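The first chain written gets the first letter, and so on, giving A, B, C, D, E and F; residue counts start at 1 in each chain.
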Amino acid sequence: MANLYPEKLITIITTSMLEERLVRVFHERGTSGYTIVPARGAGSRGEQTGMDFDANILVKVVLPADRMDPVLGDLKRLIGQGHHLTIYVGDVAVIRPEKFTKPFGA
Amino acid sequence: MANLYPEKLITIITTSMLEERLVRVFHERGTSGYTIVPARGAGSRGEQTGMDFDANILVKVVLPADRMDPVLGDLKRLIGQGHHLTIYVGDVAVIRPEKFTKPFGA
Amino acid sequence: MANLYPEKLITIITTSMLEERLVRVFHERGTSGYTIVPARGAGSRGEQTGMDFDANILVKVVLPADRMDPVLGDLKRLIGQGHHLTIYVGDVAVIRPEKFTKPFGA
Amino acid sequence: MLSNLMIPAVLFFGLGVVARLIKSDLKFPPDLAKALSIYLLMAIGLHGGVELAKADMGAAVNAIVWALILGFGMPILGYWLLIVTRRVGPLDAAAIAAHYGSVSAGTFLTALAFLDTQGVAYETYPLIMLAVMESPAIVIGLLLAAQARQKIKRNAQGDGSGDAGTGGGDGRMRLGALLHEAFTNGSVVILVGSMIIGAVSLPGAMEKLKPFIDDIFMGVLCLFLFEMGMEAARRLGDFKRVGALLAGYGILMPLIGGTIGALIGHSALGFGVGGTTLVAVLAASASYIAVPPAMRLAVPEANPSLYLTLSLGITFPFNVVVGIPLYHWMAGLLAAA
Amino acid sequence: MLSNLMIPAVLFFGLGVVARLIKSDLKFPPDLAKALSIYLLMAIGLHGGVELAKADMGAAVNAIVWALILGFGMPILGYWLLIVTRRVGPLDAAAIAAHYGSVSAGTFLTALAFLDTQGVAYETYPLIMLAVMESPAIVIGLLLAAQARQKIKRNAQGDGSGDAGTGGGDGRMRLGALLHEAFTNGSVVILVGSMIIGAVSLPGAMEKLKPFIDDIFMGVLCLFLFEMGMEAARRLGDFKRVGALLAGYGILMPLIGGTIGALIGHSALGFGVGGTTLVAVLAASASYIAVPPAMRLAVPEANPSLYLTLSLGITFPFNVVVGIPLYHWMAGLLAAA
Amino acid sequence: MLSNLMIPAVLFFGLGVVARLIKSDLKFPPDLAKALSIYLLMAIGLHGGVELAKADMGAAVNAIVWALILGFGMPILGYWLLIVTRRVGPLDAAAIAAHYGSVSAGTFLTALAFLDTQGVAYETYPLIMLAVMESPAIVIGLLLAAQARQKIKRNAQGDGSGDAGTGGGDGRMRLGALLHEAFTNGSVVILVGSMIIGAVSLPGAMEKLKPFIDDIFMGVLCLFLFEMGMEAARRLGDFKRVGALLAGYGILMPLIGGTIGALIGHSALGFGVGGTTLVAVLAASASYIAVPPAMRLAVPEANPSLYLTLSLGITFPFNVVVGIPLYHWMAGLLAAA
């Protein structure tokens, strides 16, 4: 049977305009990577306007549990500045935990 | 450390033709939002035909555990009518649980 | 209340060039389906080049826990051959477990 | 007749088929195909509108009436054929038959290119018929499905199409919604809208549109048929899944439709060889744009790969390669008779 | 004046609106709209560049100065109007007002089509003004937002726009970043770049581009306005959410802007009827391409559906249908006076 | 030579580079780039086909033989150079070298625009060579990689490229699959298919395609090079990652290739100045369309950012700005000699 190791998965849903800032957060917090998927939806401001710049992104980051809090802290700060982010966290398991400790772009 | 609160995450994979009906379900059941991602795949009917109208969507809804059953009930009803839906539910945790109790578009 | 049955959800993030091979794996291992979402991101090789052929896909497969290991074994083999795959596994629950036992395309 | 195959548009269709058969990795961006068909519908609509502004009212109404007859009639005939030969369940039969009431714009445009290359003149009324025929097919498809569901209920358990048929019809598309869908679907809106714009615009302004809607038209059509060739060939592979008898249906229907259409074009509408060919093409071709999504919603129990294989994988290539010159030849016979 | 409505470009705009109102499922692929606007900006830039190579330096500088005055002035005026009438909070007011400093390229192009159809000649300087006006609007929007935030702070709790206003300004766009955004946004780069290329290219080489940038231009514009009509109509539905008074603002602003623009075009710039009409259009129209994303980042607290409804759902259709012929008529009056 | 820079196509390439350097937010929809390149390949293929229908069989075969020699020879030469200078591991070397056997269609089209503007006539055989050269490069890339893997095995642990080299070769692309890929890749299918269609179509029908494939060609090329300029500039930033010595390779290879190509074009093929220039461009340019995805699958251990930076970020701009006029000048020297 495959050995599996626990990690955390943060999912963020927000406007595509924030992509650059999120990547900066991941970079500064040393996550091993991130994945972005184009999305649309509805939330506290009703349905999206559908204009080009009003697209959503769904962002996924897998990282060790002990590295989660700094990332969540930065995300909270963005929310404090008036940006809209929908965030949830889940438990996942991986085959090679060492893959998720080396910062990307380093 | 960040305080996290438990929520449920329903994921639905189905034809894009059903998008409007799903949104109606979420609206009627008062979820705080939903997110849609374009997708493709294969399932009980084999691979998708690849035609425009035969695209899939992957839909995500975060909601409190006690609001899950009415949504699942409506989805089952769609399945009963002959529509194809792949549905799974998972546990997630969020920072601001109050965000997921206000109905969108209200 | 809805009766829910446990399943496993494997998520794979990799280059779109591997799509065909992944589908072959799912087919050979008799999963009941799979879902693919276009994605982009950064990982051990830094950010993606952004060229057409360098797109990522995010692949989701729901399957019974006892069928997971053969699939993970095949995926490990691809990694051994030099391909880059980010893989994580999670627990989900479904309404109709029998749906996830019939191989697709059969 | 072979000279049909020397038209670039048809050759590009063939290139698309070949690209698929040799398993080339060539792919058109999905949005390109949509953009091309928006352009083609707009161009053909504007062009038609200019002509129709000069047309005779009575003849136009006559053409519309016959378009409705074809649009309702072909699916009923097609449904009956499928039920009699018993190859598919009633719900699949309803969904498949609906496609033959509507029209394939790609086939129609290829026919125009064919006539142009042969130097054959044609009436423009078939253009209105094209716009009219999208809608009745969808309506009749729904009605056939409703009656299929009753038939299944009567037979206690039904004979199999899909794992459905249990729930009440409430979740399925209601008639009102479907009628709405039938008359407001995108293709109809572009086609009818462009026709009206073409008819009411100032001639000077229309002149400025000529390079866009006329001059580059043929090239865009080539690109479109290139992509359609790939789509058609993708479905050819499903041939075995569909079965030879059902595949035969995909050739029989256009032959029947083409003959009926030619007769109507010649006798009932009094068109020349060109116009008669076009009416035959309208009757012979099966929609793969407007009808499939409507059937997906209205008859979710039916298997989409069945109706797509037939309309796109069999009937469409048959019409492009064999049908069009054949109907042209029929039209010639009728004119000479 | 009614003849404006008989231009295909305007008619296609109307068709787009109708398609939405009847709830057609017609959708343009999102990338198509982007591709069309890249083409239009490129074509108009090249065309303008060729003309400007022959232009007078002093007149060009004069036009640029007035463009800057309009670009900074209209938002300040618009902000003041909103604050005085107290319909929205200061941050929403800042974001909305910024849109009126910039220009809607779609409106400008429709005006060109209108003048062409009427056979009215026009100066090409307004084209440089179009390129210049994108940037100041974004800058002034940021400054207004900064001052709105101070105002909110002063009033202790603020009066409501959004759930924000708490965090320090550090996360919001800093001035440097915004200035960069203002001068490097995509539309400005295509427009200014194409102008320069048009001005410096060898005439023989430009000649080869004519079929692409001139001949098919009008057709592409029709397609673009078709899609913009659908976008505009989508927002019409939000009318009630915005409220009648705010909606009135979406008509008042272009009337004020158009009048000011016409006066500047005629008196300060000394243009003829055509050029004066175009300056009025520049002042009267509101951006819906460059400014919204900038405001989204710079003023995240503001509600995007407010400023999009106003600029795209109200001001844009008003200008296309009523505004352009009206400004043309004003320009005629001024010229005759 | 400077006049090269006054061609709109080249200027738009420059505009794309500038847009990136000033960090503009301008982005082309990804599908637009794909659509443009489908169009360009189709147009150039059709155009070539018409010409080739009149061409001499012996000369065509001769051109194909030399295309194969270039396609196999350049990668072998390039691989050897990389191994000798020891800047990258053998697997990266194999993947990089393969790119120089194939051709950049963008560079080739820019060369055509250059010759057209200069009024220089050219032979059409280089067009067949363009189509032929996509395939051998992919095949030789695979063979070089296979030999690189053996070399790594011999050296016990290998010298570093990637974290791979362990698994058996079974999962990598087998020769059969790769040969298939080499001969059926999308670009080859469009190019060869359009050529055949251009050659066999009725002249009257081809005439109808002229506005689409000829008249608007130059404008579409401008748009395409605009986008390619942005792509190239994106990769310029990776320059430092690649290192100066490797970057020098990206300039050395086209110089060597251009010289060899010019000699072959003049002496072996007996072309005039135009045709010789084109053969030099074929030899000097590196593919960034067909080869990268093939290498991604065939040599997953190699780092894509290395070969993309070289082919797209260094060799491509070098050829467009410096190389083409240089090879033209060489061709002139040879012709005069």
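Keep in mind that, in the parts below, a residue touches a chain if its C-beta (ideal position, glycine included) is under 8 Å from a C-beta of that chain, and two chains touch if they have at least 3 such contacts.
Bear in mind that the values here come from a model prediction, so they are computed numbers and not experimental data.
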{"item": "Third chains touching both subunit E and subunit C", "value": "A, F"}
{"item": "Most distant chain from subunit F by Cα centroid", "value": "B"}
{"item": "Interface residue identity across copies subunit E, subunit F - same or different by half", "value": "different"}
{"item": "Chain whose mean Cα position lies farthest from subunit A", "value": "D"}
{"item": "CA centroid of subunit D to CA centroid of subunit F, Å", "value": "41"}
{"item": "Centre-to-centre distance between subunit B and subunit A (centres being mean Cα positions), rounded to whole Å", "value": "20"}
{"item": "Separation of mean Cα positions, subunit D and subunit B [Å, integer]", "value": "35"}
{"item": "Two or more partner chains touched - positions in subunit B", "value": "37-38, 44, 46, 90-91"}
{"item": "Residues of subunit F whose C-beta touches two or more other chains", "value": "30-31, 34-35, 211, 215-216, 293"}
{"item": "Listing of all chain pairs that touch each other, if any do", "value": "A-B, A-C, A-E, B-C, B-D, C-F, D-E, D-F, E-F"}
{"item": "Residues of subunit F that touch subunit E when the two form their complex", "value": "3, 6-8, 11-12, 15, 18-19, 22-32, 35, 116-117, 211, 215-216, 218-220, 222-223, 226"}
{"item": "Contact footprint of subunit B on subunit D as seen in their complex", "value": "30, 33-34, 162-168, 170-172, 231, 234-235, 288, 292-293, 296-297, 300-301, 303-305, 308, 312"}
{"item": "Residue ranges of subunit C in contact with subunit B within the complex", "value": "1-2, 4, 7, 9, 23, 26, 32-38, 60, 62, 90-95, 99, 102, 104-105"}
{"item": "Touching residues on subunit E, where the partner in the complex is subunit F", "value": "29-31, 34-35, 38-39, 42, 46, 180-181, 184-186, 189-190, 193-194, 197, 200-202, 204-206, 208-209, 211-213, 215-216, 293"}
{"item": "Residue numbers on subunit B that touch subunit C, as the complex places them", "value": "11, 13, 37-44, 46-47, 56, 58, 68-69, 72-73, 76, 86-91"}
